[in-house]
Amino acid sequence: MSEPSIERGLQALRAEIDAPVAAFFSSCVHCGLCAQACPFYLETGDPKYTPVLKLEPLRRVWEREFTLWGRIKAGLGLSPKVTDALLAEWEELLYDSCTMCGRCSLVCPVGNDLQYMIRKAREGMVASGHAPEGLIGAAVRAVQTGSPMGLQWKTLEVQIRHVESSTGLTVPVDVPDVEYLVLLSSMEIINFPEYLEAIARIFDHAGVGWTLSTDCFEATNAGVQIGSKDIAATLVQRIVDAAVKLRVKNVISPECGHAYTAVRWEGPNLIGRPYPFHVYHIIEVLDALRAAGRLRTEGKETDRLSLHDPCNLARKSGVIQEQRNLMDLVAENFVDLEEHGRYQWCCGAGGGVSSNERADALRRAAFKRKKAQIEAVEPERMVTMCATCRTQLEEGLEEFNMDIPVVGLTEMLAEHLVEK
Amino acid sequence: MTERVVVDPITRIEGHLRIEAELSGDTIIGAYSSGTMVRGIETILRGRDPRDAWAFTQRICGVCTLVHGIAAVRAVEDALGYEIPANAQLIRNLMIGAQFVHDHVMHFYHLHALDWVDIVSALQADPKQTSALAQSISDYPKSSPGYFADVQRRLKGFVEGGQLGIFANGYWGHPAYRLPAEANLMAVAHYLEALAWQRDAARLLTIFGGKNPHPNFVVGGVTSPIDLDSDSALNAKRLAQVRTIIDGMQTFVDQVYLPDTLAIAGFYKDWAERGEGLGNFLCYGDLPAGAALDPATFLFPRGVILDRDLSRLHDVDLHADDEIQEFIAHSWYDYSAGNDQGLHPYDGETNLSYDARGGVAPPYRQLDVAQGYSWLKSPRWKGRSVEVGPLARVLMLYASGHEQTRGLVDSALARLDLPVEALFSTLGRTAARTLETKVIADALDGWYDALIGNVRAGELATFNDRLWEPATWPREARGAGFMEAPRGALGHWIVIEDGRIANYQAVVPSTWNAGPRDPDGVPGAYEAALQDNTQLVDAQQPLEILRTIHSFDPCIACAVHLSDPHTGESIDIRVT
Amino acid sequence: MTGGSVSDPATMPAAGGPDWDAAKAILNEVRHALRHFVATGESTLIDLRAQPFAPGDLERLLAWLGRGEVEARVEALGPTRVWESAVPGVWLVDHRDGDDQRLTLQIEVAEFPEILRSPAQDIEQAVAILDARLGAAADGGP
Amino acid sequence: MAASKTLGERLRERGVSRRGFLKYCAATASLMALPPSMAPAIAAALERARRPSVIWLSFQECTGCTESLTRSFSPTIEDLILDVVSLDYHHTLQAASGEAAERAREEAMRAHWGEYLLVVDGSLPGPRANPGYSTIAGISNLQMLEEALAGAAAVIAIGTCAAFGGLPQARPNPTGAVSVSDIVTDKPVINVPGCPPVPMVITGVLAQYLVFGQLPELDEYRRPRAFYGQAIHDRCYRRPFYDKGLFAETFDDEGARAGWCLYRLGCKGPSTYNACATMRWNGGTSWPVEAGAPCLGCSEASFWDAGGFYRALSVPAEIDGARILAAGAVGAVVGGAAVALTRRRVRAGEQAREPVTVDELEQRQ
Amino acid sequence: MSDPMAFLLWVKGPMFNWALAIFALGTLARLLEIFLLGRRPNYAEPRGGEWGPGLRTVLTRSVADPGTFQRAPFDVLVGWIWHVGFLIALLLFIPHIELIQALIGLGWPGLPNPVVDAATAVTLVALVATLIHRLRHPVKRHLSTAEDYLIWTVTFLPLITGYLAYHRLIGPYPLALGLHILAAEIFLIVLPFTKLTHIFTAFIARWYNGAIFGRKGVQS
């Protein structure tokens, strides 16, 4: 085993280059419009945060090694090398100032999927030893303890007991052959215990068979955030093993954005084969239950509510209408932010930024874009469905002294269930 | 002991012609005709768009300025089986006819007349008597004593000015000039008159072809559309203008050219006994009556007359391998398969080979006539040396019973009191040119009326675009384009491959007539004619040579072939 | 355009359309020349032969300019016809050669065209010519 | 010698009046494409002008230029040779032949040494070509030109062949033909290109020399600006159709009949500088574009090799499909090779990539 | 080469073939370089198709989303103006159509010249504005490399030379036309080796973008 090094980084980058990457880099005309989609640039005004620029290390590897013309240029000394210093300099750009929200991918006029390439670029950063401390810590904890926050099953067990006592329901654990394996995120367990209770009540209400697994309760994937497919694969494999062991039909990703994209879209490719089960986000499941008439609710929230779409859920996974259907079920004064759905703005915390203490200032700066959006609509409360987003919203709104509480959609729904 | 007389340049012709004659006493016993300039147009044509060929070949000659254009578009049309609308054929006929009239008149007055007319002698003429002479032979209105006096005054001023310009060093006062002073003055007046007239006559080609010299043609028809409602097409005004021009041509031919020819001929009847030469004549025929180029409808019939035998006309096949062939035994060319054989034009070659084939390094006094001595080849029909041109055509018309021609020939001979054999001569050749001009000038009416009839009937098409795009052509095609040019039978042979010219050969009237001896030593028409009963009064002033040569109306640029880039002779010099 | 006395507009060729462009340019030039003439008394000559007329354009232009009250014919090296257009001060001068072929066609903006003026040198000799004729008449005796 | 009479004297002798002379000058101004206001200056110059001796040499030509000269309406060829110039040597028109003709040339050269105007039509085989390709009286064209040049005041190259090499010089230039300018180094040369030139342009240039005794203003091709200053296209009456985008597609369609622009039929008007559109041909009768024929570009150098006559000006001269296809194929091979290498690199990268382990990360931490 | 006509014939003849050959060679090589890299298999259960959304994005990405338009109206508008203007001048000018027809045998109706002329003039102004914008806007200035200015130049040159030639503002015309053709040839030659390849690859990139998003059920 060798040390992380520039050479390993370059090898990792080379391994990531494919036809889309080549098409994307061939097409960029430096129009700079991606900057107009990036909260980090918009809120700092610093042009170095222009998204396409964050890809410079990957671009150089592509140009120097994957184009004939670039090889000629490199031979003539006209194409600069990718050095360790360059990667060091780019660490901030690739981690601290990018949440991989993918908004730039949606506005690039030539169609470059920048987020796709940021994810790939991070592979090289990890391999060359240029990942942020915070993310390394999270990754190490996730692999070693099963949770990026170091949470143990016994902590969750306390939660379970609490839910069971307060609802009078049984929380199924390690029940095989049920319909759903429910995953959670450590942040939810710690910050938003209401979620588990809400799930228990809703599934009971709808008569859904579900279970938790003692082998694997954590849905988040620090490997995806840091950009290591090896670590990411390890974490995904745990979920797959648990689901297979319990022979569930479906796996439910909790109110967490990146967990969903990690399990839903990256997972099969990380382990190199399709799953023997389906993966859903909790919101998808809830909306399916609603559509099937299995959710009967009563009363509606009357205050002015608005909705924050988590990037991973909406823009990167296409779950957009589902949450609105559910909002309509329980809220009568719901108003969308101006740019929402696939064009929503990132809260500023995703993509590992929230785990990267060094990036706090940038994270707070990026939030100003969300804040401005919220201010424009003047809601009394915000609703979301991602623990990271919810934390960022709560902290941010508090910082700006805005008295707008943030609630999870699942919990809100649970509150309106018709009592049996 | 023979003496060599060299005439170079032969002037008042098109191109560069040199005649070397061997004299025994005062009689020519051997004559050698040499074209001394070569350009290489056939080689230049290779690889080009066949639709462009007309423009290149037209520049073979600016005098008979349309004939190579017509032959080239016909060659392409023949190769492709490309039909053209009836109007286009009629317009081409009108253009060809106008070219004939224009060219023959100019030849007679500006190129040939000075062989018979002594300009200086005209100064002695009495304008009144000249007027009387003019009025006795024609109704032409410009015949007053004042008119001739004006001409004489102008000529006098010119001669007395001391700068004779183009008239300097003519053989003035040569005993062979026999016209009385009055006839000379009349001819000088008509020399100037014809210069003015020809400018108008040339306008017919300008109307249909945009300019003259070198009017425009197009494969598949003509460039000018017909639309009576358009300013920009052939409309009523344009067609009326054509009518006016035709009228002007006919008037001049009837009232000036024809009477002048007969009047002058009357003084030179001895020239009806010399300058015949070969006695073989060839016509491809031309001027169809309908849309198709069908020899059965031609005004000029197709055929060959051998050994003066007008009772037997031989047919001609332009495509047959063994009929038309070109030889280079005495030409500055090489054939890849040997220099003694003949090649049909489809297989023709033109490899320049001046030094190796006997060309003498300039400056030279004398050619090496035992070897190559001309840039002209020697075309032969079934191995026969033949004459082409007006005389050939008039004989064909006469032999095939063309009524108008028979009438014209018979009355002219009667008027001059000459037998029909007089046609086979220098004088006969010149007279035949005049007579066929009359036939063609009159025929213009028929084509014009047919065109007007079509337009009235709403038949306006002038161009067929069916085979315009080279993509519609077969991969390989070959065709022969022929016509009767003013100077005689003209043929272009084209081989098309992949939409490009693979080979192009032109066998032109002056090659038939002016070509050198063939491998059997048989001379060409010029050479034979000069060797036929020609005596020189003064070897220093060989006027007699000019008379016979000019009676053919030489067009030498036409006659010279082109080089092939495969030979070492080819030089590519480009200065920019 | 050039004034009130032009031909009846109903019979005028329609302005506009590509065929008419060249003639329009000429008319503009004539207008400038007229103004210049009114202001300074200097005449202007426009050579119509050097214009890129479409077929029919010249005829239209001449029809447009119309005919005024004066016409003249000069015999000098062939005929020259002169006429005033319907626009006063705008003359057409058509020089032809002995074969009645047009040499030039000019528009002259002036009180009257130069070609009509008797050459000063000829007038100098006028008395002598007249005397000679009188003498001849006296000799011959009418 | 009475030859020294001026043109003014000659005209008056012929009974031409002062008024007639004025008219002659007006026509001359028009002929030379000068503004009519120049007529008085022309009159003054013509009063003094003498008939210059002209020696006209014809080399590799077709006589089209001479034929064109005879079509001039003003001055007419008759006026030209009787009044304007002394045409002392001209193959097609002169009475004398053979030795007598050559003597006329030599005498004129001797009598007017240093003063005669040398006119040339046709190209000539160049110094490196076989002199036998074109001879007159046994003398090569080059030698004859050089001899005549020595005593010439100026040279006028009539026609595209003399001016630019023309048809004989067209690819592959089998006779090594060159233009007059290629030979003449120390004498003024006026090029009067065209195949042939417009008749009145030829006479106009001669008249200009006669009137002003000097060369007209020339462009960079030594062409008189008065006649070659504007492109056909700029003076073409069909130009408005070009601007409107109305084009004839064939020679007998609606557009052709309506007189629409001939650009698509290959008209070279935009790149051809000549006077056809204004002077027109044969006494103003018509000109090629008016007769529905696209301009061939005949007054431009190399026009024979400028691509097909029916190819639009914008179309490349010779599209070498084979070369482009070959290049494309090479591109495919090169691209393929590059990719093969690249793919190997990707695979190698994948294989060489060492998995990142938590232990490593932890170490770093 | 001092002779403008010889120059014109050179650019229309051998040079044109060379330019086209280099363009064809380079472009094919570049496209193969891209395509043959391929994509790795994707085992995730798709929520949508790839082809449909990919093709859809090829088209829809031409129109900016409302937010981007609000934030960068200049980029969007001026970018549109000169791209459309350039295409009008390139594809709807009759002489160009003739050229294309001669090359590939396909033709289409053109626009009247004054329309093309106006489009060209607007395009020229828009391109100059684009350059000024690039020099002044912080993001663009920061992003720009020498190559960006090079491709601006090779894009601008065919337009300006074409405009000058059409209006005959430089002479003689064979020189003006020759310069225009040469400028176009430089454009062709440079194209495969610079980001001008986006003329082709942008559509590929858009397709990949649309396909990647489309597979996840997002309309991009």
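To keep things simple, chains are lettered A, B, C, D and E as they appear, and every chain counts its residues starting from 1.
Rule of thumb we're sticking to: contacts are C-beta pairs under 8 Å (C-beta built on N, C-alpha and C of every residue); 3 or more make two chains touch, one makes a residue touch a chain.
Given the structure is predicted, the values throughout are model-derived calculations rather than measurements.
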**Request:** Using the touch definition from the top, list the chains contacting both chain A and chain C.
**Result:** D
**Item:** Chain centroid nearest the full-protein CA centroid
**Value:** D
**Prompt:** Taking mean CA positions as centres, which chain lies farthest from chain B?
**Reply:** A
**Prompt:** Taking mean CA positions as centres, which chain lies farthest from chain C?
**Reply:** A
**Prompt:** What pair of chains is linked by the most C-beta contacts?
**Reply:** B-D
**Fill in**
Whole-angstrom distance, CA centroid of chain D to CA centroid of chain E, is 38
**Request:** For chain A and chain D, let me know how many angstrom lie between their CA-based centres, rounded off.
**Result:** 75
**Inter-centroid spacing, chain D versus chain B (mean Cα positions, whole Å)** = 27
**Fill in**
CA centroids of chain A and chain B: separation to the nearest Å works out as 94
**Prompt:** When you check chain A against every other chain, which residues touch at least two of them?
**Reply:** 17-18, 66-68
**Request:** Would you please write down the residue numbers of chain C that are in contact with two or more other chains?
**Result:** 19, 54-55, 101
**Asked** Got the chain B residues that touch at least 2 other chains?
**Response** 196, 199-200, 231-232
**Asked** Which of the residues in chain D come into contact with chain C in the complex?
**Response** 16-20, 22-24, 26-27, 29-30, 33, 35-37, 39, 73-74, 76, 235-241, 244, 259, 277-279, 283-284, 290
**Item:** chain E-facing residues of chain D, complex
**Value:** 219-220, 231, 233-234, 242-245, 247, 263-264, 270-271, 273, 300-303, 305-307, 311-320, 323-328, 330-332, 334-336, 338-340, 342-343, 346
**Request:** Could you please specify the touching residues of chain A with respect to chain E in the complex?
**Result:** 17-24, 26-33, 35-37, 41-42, 45, 47-48, 50, 52-53, 66-69, 105-113, 116, 264-269, 272-275, 278-279, 315-318, 339, 342-343
**Item:** Complex interface listing, chain A residues touching chain D
**Value:** 1-4, 8, 11-15, 17-18, 65-68, 71, 126-127, 129, 131, 133, 136-137, 139-140, 143-144, 228, 230-231
**Request:** Could you please specify the touching residues of chain B with respect to chain C in the complex?
**Result:** 196, 199-200, 231-232
